[in-house]
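Multiple structures are listed underneath, in structure tokens.
Below are two complexes that have chain A in common, paired first with chain B and then with chain C.
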Partner chain A sequence: MTIQTRVIFAICYLILCPFIIGLLDGFDRKISARMQGRRGPSVLQPFFDLKKLFEKEFLTANKSQLFMIRSYLCFIVLSGILFFAGFDLLLVVFSLSTAAMFLILASTSTHSPYSAQGTHRELVQIMSCEPMELLVAVGFYLAAETFNISEIIAGTASPYIMYLPGFFVGFVFILTIKFRKSPFDIATSHHAHQEVIKGVTSEMVGKEYAMVTLAEWYENGILLGIVGLFFLTNNILSVIGAVAAILVVWFLEILIDNTSARVKWQLMLKLAWGVTIVAAGMNLFLLEIIKG
Partner chain B sequence: MEMLVTALICLPFLWAILPAVIHNSKCRAFFVYLGCGIVIVLSVFTAVQWYLAGGQTLDFDLPYREAFDGVILFGDLFLMCLITYLSFKYKKGVISLLAIVQTLLVAGLEFFGPELEELPALRFDWLTLVMILIIGVVGSLIGIYAVGYMHGYHIHHHKELTDRRSFFLAMIFVFFGAMFGLVFSQSLIWMYFFWEITSVTSFLLIGYTRSDEAINNSFKALWMNLLGGCGIAAAIAVGILAFNTVNLYDIINLAIEHGTGAHTLIFLLPIACLAFAALTKSAQFPFSGWLLGAMVAPTPSSALLHSATMVKAGVYLLIRISAAMADNYVGNMVALIGGFTFLAASCLAISVSDGKKVLAYSTISNLGLIVACTGCGYEETIWAAVFLVIFHAVSKSMLFQCVGAIENTTGSRDVEDMQGLMAIFPKLAVILMIGIAGMFLAPFGMLISKWAALKAFIDTSSVYVSSLMVLFICFGSATTMFYWTKWLSKILGASPKEKSRDLTKKNEYISMFFHAFMMVALILGFPWLSENVLKPLSEDMFGTVKQVISYQNIIIMIVLLVGVFVIPCINYLMTKGTKAKQVITYMGGANVGDNFNFVSATGDPKEMHIANFYMEDIMGEKKLFTPAIMISTFIIIVYMIIVVGGAF
Partner chain C sequence: MSTIHKSPWLLHYDGSSCNGCDIEVLACTTPVYDVERFGVINTGNPMHADIFLITGGINSQNADVVKQIYEQMPQPKVVIAVGTCACTGGIFKECYNIKGGADTVIPVDIYVPGCAARPESIIDGVVKGVALFKEKAAALKASEKAN
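On to the complex of A and B.
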């Protein structure tokens, strides 16, 4: 991959990602509403919300929160650039977990009971997901013998899903946690009347909340990108398959979100780790045997 | 060079007499500073001298070799008598049996065993270079810190205890001498002697306060370490009887040469014994108890035991023998124990709130990662292991000192009591943060090494070891992140208290700031270190050089590094002037005008305390500790039976 293509990919990610994910979010709301028998807002609603949030008066319980949230956003974007410019997959995962730490620090800096509770639940969520994220990188290394994303794509004629079905299942499972969807919307809630209020984002208002939303869009872009990576090959037409797979996974998440009720964090941890060990662990073991 | 090395080994032993006999506090402090200063200068000077001379492996003897041999034999017997006396005095006579058996075995073979070829007793190579710098610099800084700390310990906090500072400071110097001797020795008999000294001094340091708990824990440390000593004694016995040598490198080379073939296990037997000894010393499960018990000792000795010296002796030996452990039973045993310890100890660290205990578990867990790397025995893993040793020594020593200083200042070392430390004691909080960041954040040393280790484990040839190790690392990373992040968030949280007076002594700060400086220098200098120290090291050990980490990734690491420092700073400066309306946090309408109190059920204001998650019902010590011991004991017993049984 030349430097020029890397730069182009990075810029495309930077500009297009919020639009695409924002739009997907809009459709998400629409589809969810229809499933619940409501009309639902316009698909552009997420952008209106974001605009409104940025224009609001800036209220805060602790001013130092703002710079940590900005750092959170910057790190997510940096990880995304590393990913879409085709660098090391394992380092992308490491960099994402560093970014998450800034969100944790931002939310605990206020000494608010709700955001503190949300923070710790968020930490449990991260702990539930992290092994699987690392294992996905391991899986690609086993199949492609490199962590480098551009080499991973260039080095295969058949999609990786053939070697890594277990890793894929495990990853899709933790995506529900990553997207903050029910039954694992433990750290934040879509519904303000519940016991977590808004969890980790309770004390974030106006532009702070807008930035967190934006950061989540950028992060979701990376995560859906990893889903796509399972289906990409050195054939350019495989992009169609990857996009289709991403849309299917995305719809599946909406379906799960609308058909399940929140579980306790203990159960989430056990389920996430259990699925990781069974699905990814078995796949890992078999792949090692095949590769000898 | 011989003279410098002789001075490096002997001077700390002799210098130990000074603090032991001088009882005037000021005068003694002066001599301790001077001694530590000399040790730092001497170790750095020796290292630089050797580096400039081209970094050739040197085999040599101390002048008056026969005299030293005599001293060592006499010393072994003296240590045996001391242990026997103390264990009978405290009614734990059984423990002395361990000491008597191994010492008599070694001494007996020396007297009545076959005549051995006289080989040089010492060796200086790249690994020795790394070790003497760690021991010399980090160890001595702990010595400097100890003077101020012990003053505060006795004058402000523990007036009831007998003041045995002279003894304490003397022991620290003995420790330095023993560690220097250990990393230079190539004769196992010499190594055994220095090994025993570290066991006994750590035992004496842990029992410093002479409380019941301290005495119990110190004996626990003693018996576990003596068990390890038995491992070395057994290796010496096998070496003399089967191969007619006590030279460490001969034994390693024999094991490598005969690694494949029909009667291999007899060659692996001494390696297995040494590996067993190293596992006890580096506090891996099932021998982790002694390191946790060592927490009762004053902070400088915990720092000394945990970071720079004692536990590093174990991993040092493992790194030495790692080439002989590649892809065989011993290597598999060491890797599995290490990986398992990495995961189990990091889970246990989640459930404890005592700051020093968190550090203790994290030490065990990090050592587990290093041990796992050595068990693999590939170039990449050794690269990662040496890096981890360096980074761990610096950051852990700094963290211990910082927690010690916080305890001396606030009277508590509980993580829950560190709420908003950043606002109350900013200097201490910053040091603590650098240390914590160094332990787990991208792109600090730990992560670079973890990257390399994970890559190497995937490439390991044994399928089930490889799969298990990958799972251990992935899950262990997640739990590691959990306990460090929650600590970090506690420090940076808001606090109702105002900035208050810091009781930390100047010399404690000197030591801590120097550590912080070294930490940053190490991160910045890691490409250089990799190129100029670790490359020749692996060439020495494996005869080949491999580019472990690509230039592209080094650049990404540097970008991330700059990111971690620069992004928050720029954002801080950019948002500093933002106009904001100060509001209070949401408490369902029960605030009492600020963020720290709420209206309780009786209508009175009550202070709100926010606690971290500890997950005691999932990760608690009660739940996990005993199973962890049982599983790891099982692994060791099974593999030892395979190796020992196969050898005869």
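On to the complex of A and C.
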């Protein structure tokens, strides 16, 4: 991969990611509404929400919160640039973890009990997802013998899903949690009348909340990119298959969200670890046997 | 073009309501009425809310709570009193602990009468509230520019 292509991919990610993920979010709300027998808002609704949040008055309990949130956004964007410009997959995972730390710092900088409760949930969430994210990087290393994303793609004629089906299942499972879809009592949720209110984002007002939303869109872009990585090969046409796989996974997440409305975080923790150990563990074991 | 009115997030607070109006407010979010088609989200957090929907009268215990919720909401914001009790105190008006309607503690913009208020009239009130929200946002922007 030349430096020019890397720069072009990074710029494309920076500009296009919020539009694509925002639009997917809009369609998500429309499809969810249809599944519930409602009309639902316009597909542009996520953009209206974001714009409004930037226009609202800015109130904050602690000025350092804004700095933390800006850092959160920056680290997520940095991870995305590293991913889409084809750098190290392991570095992307670590950079995402660093970003999550800034979100936790931002939410604990205020003294709201809801933020504190939300932070606790967020930590549990990280605990359930992080092993799988790391294992995905390890899986790609075992299959491709490199962490470098451009080399991972260039070095194969058949998609990695053939070597890493267990990792794929485990990763799609934790995506439900990473997209903040299920469980419903997770750290941030749009459902009123639950004990954590808005969890980590409870004390984030106006532009702060807008930046967190934007950061989540950028993060979702990376996560869907990793889904695509399972299907990409050195053949340029494999992009079509990767996009199709991303859309299928995205629809699956909406379906899971609408059919498991009352899953709680205790079950999330047990299931996420169970699936990680069984699916990814077995895959890892078999891959080692085949290689060895 | 301002699109601020396309994303009004609601906060619903039950003062000392008999729950009649609360049920009707929740009915607005069900598939039959689907208030989300206007971009409304029923949020539980005053800091993210644009429209404060209050049901039931104000008594000595909840007066401070209502004031605090109102103060926690960032500008621009709109207050809608839903139901006769929230408008005037209703049949509880003469009770020793009741102060009256929501306007005894915070400024109310829109009054939706009814016992209980019908979902149609609540949606009508919300739509009027959204129009006012747009006006208030424009006024806030103008005053920020002036400063």
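One rule holds for everything that comes next: the second predicted complex is superposed on the first by the 288 of 292 C-alpha atoms of A that agree within 3 Å, B and C clash if a C-alpha of one lies under 4 Å from a C-alpha of the other, contacts with A are read in each partner's own complex, and residues count from 1 in each chain.
Assume contacts are C-beta pairs under 8 Å (C-beta built on N, C-alpha and C of every residue); 3 or more make two chains touch, one makes a residue touch a chain.
Just so it is clear, the structure is predicted and the values come from calculations on it, not from any experiment.
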- Check whether A:158 is in contact with chain B, with chain C, with both or with neither, and answer first, second, both or neither. neither
- Message: Output check: A:38 vs chain B and chain C. Expected answer is one of first, second, both, neither. What do you get?
- Response: second
- Query: Is A:57 in contact with chain B, with chain C, with both, or with neither (first, second, both, neither)?
  - Reply: both
- After lining up the shared chain so the two structures overlap, which partner does A:5 touch, if you call chain B first and chain C second: first, second, both or neither? neither
- Query: Touching A:209, do we find chain B (first), chain C (second), both, or neither?
  - Reply: second
- Once the shared chain is lined up, is A:235 touching chain B (first), chain C (second), both, or neither of them? neither
- Could you tell me if A:67 is touching chain B, chain C, both of them or neither one (first, second, both, neither)? first
- Task: Decide which partner touches more residues of chain A, taking chain B and chain C as the two options.
- Result: B
- Item | Contacts of A:259 with chain B and chain C, given as first, second, both or neither | neither
- Message: On the A-aligned overlay, A:197 touches which partner chain: chain B = first, chain C = second, or both, or neither?
- Response: both
- Which residues would you name on chain A as touching chain B in one complex and chain C in the other? 57-59, 114, 197, 202-203
- Item | Contact footprint of chain A on chain C as seen in their complex | 3-4, 6-7, 12, 31, 34, 36-39, 41-45, 47-48, 50, 72, 74-76, 137, 140-141
- Query: Considering the complex alone, what residue numbers of chain A touch chain C?
  - Reply: 29, 33, 36-42, 45, 48-49, 51-52, 55-59, 114, 190-194, 197-198, 201-206, 209
- Query: Touching chain B in the complex: which residues of chain A?
  - Reply: 57-64, 66-68, 70-71, 74-75, 78, 82, 87-88, 90-91, 94-95, 97-98, 101-102, 104-105, 108-116, 119-120, 123-124, 126-132, 134-135, 138, 141-142, 147-148, 197, 202-203, 266, 269, 273, 277, 281, 284-285, 288-289
- Name, in rising order, each residue of chain B that touches chain A in their complex. 420, 441-443, 447, 451, 454-455, 458, 463-464, 466-467, 470-471, 473-475, 477-479, 481-482, 485-486, 488-490, 492-495, 552-553, 556-557, 559-560, 563-564, 567-568, 571-572, 574-576, 578-587, 595-596, 608, 610, 612-613, 617-618
